[in-house]
Amino acid sequence: MDAGALGSQLVLGLSRGMLYFIVAAGLTLVFGVLRIINFAHGSFYMLGAFLSFTVTEMMGKQNPNGFWLALVVAPLVVAAFSIMIERGLLRFVYGQEHLIQMLLTYSLVLIFGDLVKMVWGTEFKSVSVPGIFIGNLSLAGIIIPVYYVFMLVVGPLVALGLWLFLTQTVTGKICRATATDRQMVDVLGINSTRVFGTVFALGGWLAGLGGALMAPMVNIGMGMDTSMVVYAFLVVVVGGLGNIWGTLISALILGVAEALGVLFLPNLAIVVPYVVIGILLIIRPSGLLKSVW
Amino acid sequence: MQLRRIIPWIMLAVLLVLPPVLPRYYLYLLASIFVIALLATSLNFILGFGGLLQLHHAVFFGVGAYTFSILLLKTPLPFVVAVVAGPVAAAFTALLIGWFCVRSRGLYFGMLTLALGQLVWAVIFRWSALTGGDDGLHGIPVPEVFNSLKTAYYVTLTVLTVCLAVLYLILKSPFGLTLMATRDNPVRSESVGINIRRHRLAAFVIAGFFAGIAGVLFVLVEKSVSPSLLSWSKSAEIMIMCLLGGLTTFYGPALGAGIIVFLSMKVGTYTEYWLLVLGIILLVLVLVLPQGILGFLAEKYSGRGGDKGGWGKDASG
Amino acid sequence: MRKRFNLHYLAWTVIVMLVFGVLLTGCGQATPPNNSGAAGSGGSKFKVKVGYIDSLSGPAAAYGKSTEAGIKIAIDEVAKAGGPTIELVERDDSFKPDLAEASAKELVMNQNIDILVGTINSASALAVSKYAKDNKVLFINSDSMSEKITGAQGHRYVFSIVGNTAMIGKAGAYQMSKMPYKRYWLAGSDYEFGHSVVNSVWTNLQQMKPDVQKINESWWRVGESDFSSYINAIRAAKPDAVYVGSGGGDTVAFLKAINQSGLNKEVPIFIHAATDHDSLRPLGQDAPEGVYGTAFYFNYFPDNAMTKSFGEAYKKVTGNYPGFAGLNGYLTIKFLAAAIDKAGSTDKEKIIDALEGLSLDTPVGKGTIRKEDHQLMLPMVFGKTVKSANLPYLITTDNVLIPADKIMPSVEEVLKTRKK
């Protein structure tokens, strides 16, 4: 085992973690503020990937601008969908029990799954990696595909953007306050449901972004909603429900642990994340960080 | 209201005399409905009456079914031992998972059941030497008598009746009443000296036990198991059944199970978009009839609204 | 504080969503037209209802839909040629074995069907097969590649038209044994199919070429989205060659990752079905060159009239050329129809007797259903991916046809697994 391989694996683990973070961040954000477990998050992710496919197809498969346009358009369309869902459906159940709210989002999973099949068909789809990201970057024995370097840049940018939103804007501050103590926010006369639309759209945007970012790496097809969202749920639980920084930490830990597992225990790599999750949950049953930003 | 008391007995009587006139497919359909009805009722025991957000109940169903199947297929143990071991293993799994989960509350509880349930799924999916992996186990050697659909029908109906009776008695017992009290007002319950965690854990284990019984029944009817039994979508499907029938009613989940299983077979004959149909049903249900069919009827005809309590208002409490 | 639900808003939302849906439909591709149904062609002596269970939705729907198209094409062809009229009754199992079994029971008990075909999900196929055995109905496995179907769990009432994991392994090992590589890395999707394929390849390769060594194995979860760490680990171990046993969607994603990392330029990679059209077409020009793979079918090799006619018929219906799943559906119906004609009856027992030993010409060569284990013996194809000058996707080069007798486990071996 040479140092280059180990170094590459660590960096790849980090980029994998960033990817988990981008998908899971929206989930935990919506949970923290709206107190809704949004099962449809995976559907938004899938929708983002499929929209990205459509945009790149319309731009012409070899057009390098297609990817960038998709990166902008797909998350926005998903966010628009999210707003419609929040305004048109979710807000009628805010006074209801958690279970009712959750099952509403689950009905969307079922509906979106079949709608995507109706619109795009069942065949596998693929989005090309834009020209400038093809190939490997090689530095001191560490070899990384360029696209992963890009992911390593986007991940922290998303985290930074979220941090700015939550600490520097009024809406963000209301979000944090709502997540920490909703009764207090209501007592202060701030209508906490007012920010719900924004947050839900932001959650959808993040899922759509995750889908669009993943599109050049994965096989776009039926079932990609559930295979990702279950993992995102685990990341969110380990990180501490509703806590974005906890999610970031747990996503990175999981990403690196998985990558190292692949290197050192390739035979049992699939078990490694579950063992890590199990250990973390035994040590800290309520997540790594508390639900306060 | 007198009529409401009689309806279940009438139902039972009808179901008992039906087999000679039913085509064999409907015997099978009803038998599988009975299995799922028991599963849904066991979920509602903690979800509706215990107020606990159990999001991955299918895990106990699957553990019961798998334990029973593996014991019959790979060990020389007698049938009776396997029958008992199924529910016991399910209850034991419930104890393990519950022990972690009851420490957290509300949605956190729900997320933990989901995460830990997913771990159990992963174990069964991965441990292919024992469980057959995603290929599942087929041709479980259940005793000859169960090969007749009529036997399967009567056995599932009997077990369902007995289990419903037991669950009903538990709910009416001091334990059940206390459980509902911890759901309606956890703070006050705690202040009068109820150990909420232990109570909830006990309820969780009981629900797991009955789900395990449903798992054994499933194998008796279908004679095969696969990891999709404990999939996340299966759990959601059972929750939909509970909601459809009425979370606050005792017979609601059984009714919901009947409707959903029947519809899934019927709609499946016309279109491959059954999940879309299910999604729309669920959406309309959530928006228009969140109290469920029986909950709605109870509200309408008794004016009392069944056992409404404060379900979920304090689910985070 | 329950907010009263307002129908007005719901109507509004539904309208907006519908508009969106219609717009999206414009961008996306329309579902292929189904010109199925052999009604009206007339002239056939026999009419038979066939129950078809498959994953028409869920993660494997790409294959289910492809098989469905193949089946419908064959039904049309058979009817036009004056063969039996086949009425297809379809059920979607959504990739759920319990639903598949329930559907089988519905078809048999409620629709009085005694011929079933399907399904891509192995657990579904095994469950339906077991039900068919207990209730003495005919089940023809069109898609599932589990070797248990005609192997350990085989019986009189089940037939398999598609090759299985044991055959895939033998064919792969046969080709790999001719190459000079010694130190292998094995990898795959962490589920039954992946493990069976890799296991079979390795056992056979060790027999054919005793000096091969296994460096290590790595396994990823089904639906894995990021293969870079797996590729890096393989690269670090510097094997002579890599064998990968991955399932449908994973194969496509893994090929994409190979191309991005350039692993194909450093080490020879063997993947079953990597050369299949269904794996290569979605990737367009982004598929890696120089990847070796066995497959059940290439729609351009061997270049004969049947390959052409089926390929064009399939393209007319679906808009694309077929991969193996399309051929499986097609062959399933062809064999069934031929058996009905041979038996001169639609009685299932007579059809079974007719199927045993039945031979037909297929696009891949002559196919015979082995009497002893009910497995269709068909040659397999092998090739290396290469960019094509005038096609938008990769094809294969250095194609060879592996004769059926090189890939079939012997009858004794198969029957031994049934004894256990």
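Read from first to last, the chains carry the letters A, B and C; within each, the first residue is number 1.
To be clear about the criterion, contacts are C-beta pairs under 8 Å (C-beta built on N, C-alpha and C of every residue); 3 or more make two chains touch, one makes a residue touch a chain.
Small disclaimer: the values here were computed from a predicted structure and weren't measured.
Asks: If every chain is reduced to the average of its C-alpha atoms, which one ends up farthest from subunit C?
Replies: Chain B.
Asks: Per the definition of touch at the top, where is the C-beta contact count highest among chain pairs?
Replies: Result: the chain pair A-C has the most contacts.
Asks: For subunit A and subunit C, what's the span in angstrom between their mean Cα positions?
Replies: Computed from C-alpha means, the inter-chain centre distance equals 33 Å.
Asks: With chain centres taken as the means of their Cα atoms, state the distance from subunit B to subunit C in Å.
Replies: Roughly 36 Å separates the two chain centres.
Asks: Could you pull out the residues of subunit C that touch at least 2 other chains?
Replies: Subunit C, residues with two or more chain partners: 5, 10, 56-57, 95, 190.
Asks: Quick one: which residues in subunit B touch 2 or more of the other chains?
Replies: Subunit B, residues with two or more chain partners: 126, 273, 275, 287.
Asks: Do you know which subunit A residues sit against two or more other chains?
Replies: 89, 92, 96, 113-115, 118, 270
Asks: Can you check the complex and tell me which residues of subunit B touch subunit A?
Replies: Residues in contact with subunit A: 47, 53, 55, 100, 103-104, 106-108, 110-112, 114-116, 118-119, 122, 126, 232-233, 236, 239-240, 243, 247, 273, 275-276, 278-280, 282-283, 286-287, 290, 311-313, 315-316.
Asks: Mind pulling up the subunit C residues that touch subunit B in the complex?
Replies: Subunit C residues touching subunit B: 5, 10, 56-57, 90-92, 94-99, 101-103, 105-106, 109-110, 122-123, 126-127, 129-130, 133-134, 146, 148, 153, 190-192, 195.
Asks: Enumerate the contact residues on subunit B facing subunit C in the complex.
Replies: By the definition above, subunit B touches subunit C via 23-25, 28-29, 32, 125-126, 128, 132-136, 138-139, 147, 222-224, 226-229, 231, 264-265, 268-269, 272-275, 287-288.
Asks: Taking the complex as given, what residues does subunit A use to touch subunit B?
Replies: Subunit A residues touching subunit B: 31, 35, 37, 39, 89, 92-93, 96-100, 102-104, 106-111, 113-115, 118, 226, 230, 233-234, 236-237, 241, 270-271, 274, 277-278, 281, 285-286.
Asks: Considering only the defined contacts, which subunit C positions touch subunit A in the complex?
Replies: Contacts found on subunit C: 1-3, 5-6, 9-10, 12-13, 16-17, 20-21, 24-25, 27-32, 56-62, 64-65, 95, 187, 190, 216-223, 225-226, 228-230, 232-233, 235-236, 249-250, 252-253, 256-257, 260-262, 278, 282-286, 320, 392.
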